[in-house]
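Shared between the two complexes below is subunit A, which pairs with subunit B and subunit C, respectively.
For the complex of A and B:
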């Protein structure tokens, strides 16, 4: 399915206004300014004027719209030995994401694989089902963007229900899925059919991103699978502080912890909270033994999971090249430089080792 | 391009080479250029001393790497560390609290006229981009240092201005302050970057990681977030060196430094104590004085 439409900037605003009026949650990039520091984050908007579609990439990924940082799995009440479990609903209010970056939209589809693998995560799929993603082609990048190295591009439509490409006065819209078609049916009047294909591809930008990092994920994987004990890990991990900032801003990191938290003495909730393999506690056993004994082991795990383990299990890397881990790191850990180094080393050894 | 004073940069490199060559230390912990501005580097080879740099974008407090919980760093052996005056206060804190022996580290002091908020960008230091911690800093060079490099520096731009945001918040009613902080902290996802980058957060087992019992709920909901950040601020009372690394590291852009600077003001007012780079000065919580305020005991 691929229907081409056009949507003026004014009509996009009106469409968002209509959605909000109809009770739909609209999530879009919003600009915040605090103490002179400006940042763009995805968040629910109350009016189309709050959206900032021209700014840089939101500093946190879109995953929290589908996978909140904390979420109740069930609640319990207890009276003496009787325990009552209260399930949480797995159907959610309709949400439309406007202006998702291609790296964020693609991540949702990549995560569907693990979320529907040996256990179907009903909370994830409940929110996925309720969420329509209007992705927006990138018109700018910075030195940390490397989507082209992981098979995406500033104009990848993966994971999008609509794909918007900025054109003079508005957007060209590609309607890509049944969910996207359903949205179009309700707002057809605002989206006239496109005359011919006017889509201006962002070829120049793609070249620019490609210049940041040009590696072959299969070579990276081959190297990782054979260099578990390489000296590289200790050297790289020296500067790592072992916080979870990289994992928490990552569109594809999805590990969580589960905790039971009482609300008073006769009940409580089991919650799941984002967790990260960068924390020592992540693998600490009850016995006191920790199989990942230092930051080198923990940092290696993050790279291996993304570029060797996930590809082995699911056939693709667990990374969309958004570059957030690079931008957020207080210690200057730089995945772009690290992948480039591994790529160089792998190439020097003929790609076989 | 950034205009670096070649001679002071050369001093840093030559001194580092000498320390390595004479085997006074086995590694230099300093700054190198990364793709997004300067970043920490561990130099173990003499030739690599050429990579060392220092300028107003060297924001990072490298004392965080001296905490005993950094097992990989400890394996390197004796270190020489590049420190600004604020970083030296953290080193002094580690010595004061028995985490580090003074003789176990060589301190290369750098003269500092203030740093920017973000190592990436900002060719010139200005009143608009100066890090909040520099606003009340009156130390251009660390007294604790073994060696001192760099030209004398003027005070940071805008340093005469008070911390206006803190004063604004102090003027709010307790209810308004709770509303403000509940809103600011709602953005926290508990990645613990604030703790991990903090040179004074060196506990072997942080209270936030304890589960039997759970003192602080790990969930990033209003209750858990408030408990975590207030506990951390109080645990740093009279100890926080105001390096602002927690605030810089926060991926949610929460102005955490405000909490620490508020607590520091209270400690200064009630105990006449300001965090210093003299390790022999005891902290208020580590000392008993007959004239301590005690009107709250009734």
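For the complex of A and C:
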């Protein structure tokens, strides 16, 4: 499926207006100004004017649209010995994401694998099903971006239902999935068919991103799989505070905790909350024993999970090169530099050294 | 009902194994769920106390006994403390069974050696009773069990039962200093008892469960006795939350203990990074 359409900037605004009027939730990058500091975040918009599609990458990833930071799994009520459980719905309100970054859209598809592996997470797939993703080709990057090193690009259409490429006066639209087709059917009038193929891939930007980091994920993996005890881990992890900010802004980090939150004395809710393998509590046994005893082990786990474990289990890297972990780290842990170093060492010593 | 929502179970009976270890006998509140429920020896579940959270335990009763499951727990953290406050008739939550299991089918017709330390007898007890309930399908059954002290031996009533049976060989020990004047068993650590008993590896499978220090010393002993490392089984107990291969907590390298385990062979353990 690949239908090419055009969409003027005005028509995109009108389309968003139509969606909101029809009761659909529209999530888009929004500019916030807090004490004089501007930031861009994905959030629900009330009107098309709130969208900021030209700004830099939103500072938190899109994953929270499908995987909220905290989410009720069920509620219970207790009367003496008897317990009653109240289910939560697994079907969700229709949502359209406008202006998802390619690195964020791809992450959703990558996470489908772990969420659907054997046991199907109905909450994840319920939201996935209800969410249509209109991704937007990246037109700007910074030195932390490295999507090209993990097989994506500023124009990668992965995980998108529609892919928008900025052209003069608006966008060219590629309709990529059945879900995208269904959205198009309802809003055909706004999106006339494109005359010929005018899409110019964002080639310049791709070169720019490639210059930040040029590594081969298969070499990185081979090195990681044979260097569990390398001195590199202790050295790199010296700076890590274990705060987990990297995991929370990451579009692909998906580890979670499950906790009970009482509501009065006779009931409450069990929730799942984002968690991070960077915290010592993450693996601490009840006995006090901790199999990941220091920050080096925990930092190694994060790198291994993304670049060796996930590829081995699910066939692809658990990273989209969005660069958020680099930007957010208070200690200056720089995944771009770390991967470059591993890449260099792997090339020098060979994967099986 | 999403996959994180537990079934309701009722505490039918409880038995104090030691001062800090208790066994609950649980039945499913909804008969239809109970009738459909089936599991294999070695699988685990997520047990809930509403308001405190969930905890991971093996199913300590054998699958050959239908209509209920048992969980033995030691008071260690928040959930087990809350479990300790529950009484017969109270309601808990249960999700499961999860994980892989001991390959009893493969073990049919063979000699079985069970080695356990402390509360580690719980998962092993499930396999012991499973085998004893189908006694004619197996050859010799040998059990080597030890705890810190006589007061720390769990399932004492069943140990007496196994000691009396002519078709079970039971060897027991307590750590030096843990014995009582009338203690008839050995006074040593479990690995020393294994060395003394020197079970034959011939046509045998070994199932080992206990504290990490016991495992560390017992596995090389079994190897020295001639047990092939793919015939020595143990269970791992990494911290878990979901039990479903999602929450990312129990990984040891690329292995998810909740999905690929909790049962592993000694041969498999050798290939894992030391994060268990």
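General remarks:
One rule holds in what follows: the second predicted complex is superposed on the first by the 350 of 353 C-alpha atoms of A that agree within 3 Å, B and C clash if a C-alpha of one lies under 4 Å from a C-alpha of the other, contacts with A are read in each partner's own complex, and residues count from 1 in each chain.
One rule holds for everything that comes next: contacts are C-beta pairs under 8 Å (C-beta built on N, C-alpha and C of every residue); 3 or more make two chains touch, one makes a residue touch a chain.
If you're wondering where the values come from, they're calculated on a predicted model, not measured in any experiment.
When the two complexes are overlaid on subunit A, subunit B and subunit C sit side by side with no clash.
The superposition places the C-alpha centres of subunit B and subunit C at an angle of 90 degrees about the C-alpha centre of subunit A, rounded in steps of 10. In the superposition on chain A, contact is made by A:83 with subunit C only, not with subunit B. In the superposition on chain A, A:211 makes contact with neither subunit B nor subunit C. In the superposition on chain A, A:10 contacts neither subunit B nor subunit C. When the shared chain is aligned, subunit C comes close enough to touch A:305, but subunit B does not. When the two structures are aligned on the shared chain, A:257 is found in touch with subunit B and with subunit C.
By the touch criterion defined above, A:178 lies against neither subunit B nor subunit C after alignment on the C-alpha atoms of chain A. Legend: residue contacts after superposition of the two complexes on their common chain; A:326 is shown touching subunit B, with no touch to subunit C.
Subunit B and subunit C never share a C-alpha pair closer than 5 Å once the two structures are laid over each other.
Across the superposed pair, subunit B and subunit C both touch subunit A at residues 257, 259.
Here subunit B touches subunit A in the complex through residues 34-42, 60, 64-65, 71-73, 76, 117, 119, 128, 132, 165, 189-193, 195-197, 209, 214, 217-221, 224, 245, 248-249, 251-253, 255, going by the rule given at the top. By the touch rule above, subunit A contacts subunit B in their complex via residues 32, 34-37, 39, 59-60, 64, 69-70, 143-144, 234, 237-239, 241-245, 247-249, 257, 259, 261, 271, 273-274, 276, 279, 281, 293-296, 326-328, 330-332, 334, 336-337. Interface residues of subunit A, counted against subunit C in their complex, comprise 73-74, 76, 78, 81-83, 85, 87-88, 90, 114-115, 117-123, 228, 254-260, 262, 268, 270, 272, 275, 277, 282-287, 289, 291-292, 297, 301, 304-305, 308-309, 312-313. Across the interface of their complex, subunit A is touched by residues 1-6, 8, 10, 48, 50-54, 76-77, 80, 87, 89-91, 93, 212, 237-239, 241-242, 244-249, 251-254, 259, 273-276 of subunit C.
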